[in-house]
Amino acid sequence: MTSKLIAIVAGVGPGTGASVARKFAATYPVVLLARNPENFESLAKEINSSGGKAVGISTDISDPSSVKNAVESIKKEFGSDVGAAAAIFNASGGFLRKPFLEVPEEVFSKSLDVSAKGGFLFSQASLPFLLKGVEQKSQYPPTLIFTGATASVKANALMSSFATGKWALRALSQSLAREFGPQGVHVSHAIIDGVIDIPRTKERLKDQGPEAKLSADGIANDYWWLHTQPVTNFTWEIDLRPAVEKW
Amino acid sequence: MTSKLIAIVAGVGPGTGASVARKFAATYPVVLLARNPENFESLAKEINSSGGKAVGISTDISDPSSVKNAVESIKKEFGSDVGAAAAIFNASGGFLRKPFLEVPEEVFSKSLDVSAKGGFLFSQASLPFLLKGVEQKSQYPPTLIFTGATASVKANALMSSFATGKWALRALSQSLAREFGPQGVHVSHAIIDGVIDIPRTKERLKDQGPEAKLSADGIANDYWWLHTQPVTNFTWEIDLRPAVEKW
Amino acid sequence: MTSKLIAIVAGVGPGTGASVARKFAATYPVVLLARNPENFESLAKEINSSGGKAVGISTDISDPSSVKNAVESIKKEFGSDVGAAAAIFNASGGFLRKPFLEVPEEVFSKSLDVSAKGGFLFSQASLPFLLKGVEQKSQYPPTLIFTGATASVKANALMSSFATGKWALRALSQSLAREFGPQGVHVSHAIIDGVIDIPRTKERLKDQGPEAKLSADGIANDYWWLHTQPVTNFTWEIDLRPAVEKW
Amino acid sequence: MTSKLIAIVAGVGPGTGASVARKFAATYPVVLLARNPENFESLAKEINSSGGKAVGISTDISDPSSVKNAVESIKKEFGSDVGAAAAIFNASGGFLRKPFLEVPEEVFSKSLDVSAKGGFLFSQASLPFLLKGVEQKSQYPPTLIFTGATASVKANALMSSFATGKWALRALSQSLAREFGPQGVHVSHAIIDGVIDIPRTKERLKDQGPEAKLSADGIANDYWWLHTQPVTNFTWEIDLRPAVEKW
């Protein structure tokens, strides 16, 4: 790997984040951000031991000083002039299916803190790296991708908390796409409309067969595809769902 | 005025909030919530001196304990069993047209605090009153209305902060409409797509004539219309703009 | 009734069309268009015998020459300079819930012919009357309203035929709203998201009680409300559904 | 090339259609449909002389009998059991930027005939081939892609004719995606939101540099990417625009 440009992935866990990190690690040194080091340690080891480079940084994405520290750590590790080819925001929080009057304020705020404020802080932290990636003539246009969900476009009953944060994040991504596209940064939003096939969802949709859940590696491929789109053909938004999904 | 049901208006100022309060005060005692008492004092006096009843309560809509105090004040004033016929959320914050990398975290958080968390706290505070309004056989279905903006459906460049809060609020309103419609509460969202004709906007669009701005009293009439829709014909969302507006 | 301005309703039958015609007939002489005279004869009689004025014209809304004849008949009846205060397009066709490969080309074309081409011909026929209504200082801004459906915004499986025509009609209404708003004509689109309570739907949703279906008179009231909005506060789109509807 | 499965492209001309045909011809024998043989003759020659296989069939996509003839020709050429791996609908018509009252009925109908009825006929013709592709275990899920435009999601003033057909086509694609996804056919819709860089648009946006227009080959790559998505990760809709495009 000879790229001087890095990829930054926020919200690394045993699902989409890990698949995305592995995919981009084949080309770029990757920075793995997660609150709990357990979520990136084995993944970083795996990438580092298989010829790639990964650096994990324990980060609370909704805390301005924690995100600032992560930026400093990245500069210390890769040099203060390092540019980024990709930044992927995969964090989420505040998921709760509950009657509205029973939703604790803490859960509602958690959704906003992670999805909306976290998306904001991650974007303010990563865009300067991405703009440097433009200056440094990244092979593919530097790309900022946000992971959305069904709840990003449909706010169902009992889902007020999660949906609110996810709509906010989608708004952020659209505004950024409009502002930074002309500056050469590709901003995208992916609506993941279904259950992702990860350890945590093992028991779900079992009776519907192995194709009823989204492949996390497939999502990573789709993110890579977005990353490789040329400056003449940017996609802001894709939806992704299993063929058998009802929608 | 013989109604025992009240109307609650959050975000009262010299614009839409005041027009809405006056309109609903013709039928219901109104509770006026604003952070700064200056924003409701003269309006309350005006309503009270012209045969209506208005009670102003200084409230920070994004602060759980302040909202809780407002609820207590309402119960003290109108009785602990009082029901509401209408609750209107008209607060907003975090408006800033600025390149994303120059948006202070405080402004971004302000938008989320007022529009998203404020909308949440107001809804959790007012829905129990509205559900009592259903029990008490309100003449018109008790109604919860949220004031949106162009930025509720379009996140333009340089508008990330305001749009993020407004999309979040729209999501909240949609989820609540789905949950509380079947319980008899009518939840609506109004997309105000243009400049409202209020003292603060006096200088704007002057060359386009008096019809280039939305009438605040007109918006109040539209909210009243939403309020009077029967349980068989609920509208979740309306857009409102001057005839001459480009969109 | 002293109005010199007329209202034109296309797609009159024993449901929304009749309710809308009755509502607007309280203020304006109404022209009733339907292919089959049976659909307007008793309604016209009812309106004429109760102090209003109604003229029925047998019209195939998807046939250019038939629509042209209707325009001539209107001018003959009301004078060649007559203006219109309202025009409501309520026709639809091509409803079929069927696997796509079993949809006959005739049914698919029927949907396009009535909803899309019919909407086009009706608009081209009625807009000159509405623009005259603007010149003649109609009390309320002359209004062109299109009746949409759930299928106007969601194209479900097995519903390709109906949805295709309805999306086309919605597009037409949006383009016209943008073009004719600045000329003083108010163009609106109503998404009727549920079953309307009319003779034909008597057996549907019976177990869910009388409030599970939309009131046709309620829809007429909503159309009237749209009609009375001032030029500063135009709504392009409303959705309408029973409170208990799942959406 | 060993694939027994074919790709069918409707609306071949010197732009997107040709790029898509070339791209898919690298893997599949391609059938080129266009009304005017001039639009596919040199392309077919080019593909055939460079190791691929292309068959051009003169077809009026809005004429049922012409489309039926095309189906017969395909079966005669490739065998009556031939399956398809991909079918791409790239035809459009009825583009006219004009005040609504000056739009000839013929132009409006042309848009509906090509985009809506043409999309219908092409889908009914190609889906049986695509379903056979599923049975014959196509390497990638058989894919039906529709080319949309800005006017597929926004009906601007003066654009009623083109927008109406394009919204109808989008509705069709959504309904088909929901019906045929569970049967293993991947149905997608691409919103081409900008000017495509083809001979006909040579003079447009010249002052904005070479990156202000969409690359037709880039669109073809994106269609290929959609085609290669696995059955667990289907995208219904993508938008595509130059980085510098205002939207």
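Structural remarks
Note that the chains are named A, B, C and D in the order they appear, and that numbering of residues resets to 1 at the start of each chain.
Keep this in mind: a contact is a pair of C-beta atoms (placed from the backbone, for glycine too) under 8 Å apart; a residue touches a chain by one contact, two chains touch by 3 or more.
A quick map from chain label to UniProt name: A, B, C, D = NAD(P)-binding protein.
Remember, predicted model here, so these are calculated numbers, not experimental data.
Copies chain A (NAD(P)-binding protein) and chain D (NAD(P)-binding protein) of the same sequence differ by a rotation of 180 degrees once their CA atoms are superposed, given in steps of 5. The greatest centre-to-centre distance from chain A (NAD(P)-binding protein), using averaged C-alpha positions, is reached by C. The mean-CA centres of chain A (NAD(P)-binding protein) and chain B (NAD(P)-binding protein) are about 34 angstrom from one another, to the nearest whole unit. Computed from the mean C-alpha positions, the centre of chain A (NAD(P)-binding protein) lies at a distance of 46 Å from the centre of chain C (NAD(P)-binding protein).
Residue numbers of chain A (NAD(P)-binding protein) whose C-beta contacts span two or more other chains: 178. If you draw each protein chain as a dot and join the dots that touch, you get one closed loop, with every dot joined to exactly two others.
Inter-chain contacts occur between A-B, A-D, B-C, C-D.
Residues 64, 99-101, 103, 105, 108-109, 112, 116-117, 120-121, 123-124, 127-128, 151, 154-160, 163-176, 178-180 of chain A (NAD(P)-binding protein) are the ones that touch chain B (NAD(P)-binding protein) when the two sit in their complex.
The touching residues of chain C (NAD(P)-binding protein), when paired with chain B (NAD(P)-binding protein) in their complex, are 141, 178, 181-182, 184, 186, 197, 211, 213-215, 218-219, 221-222, 225, 229-247.
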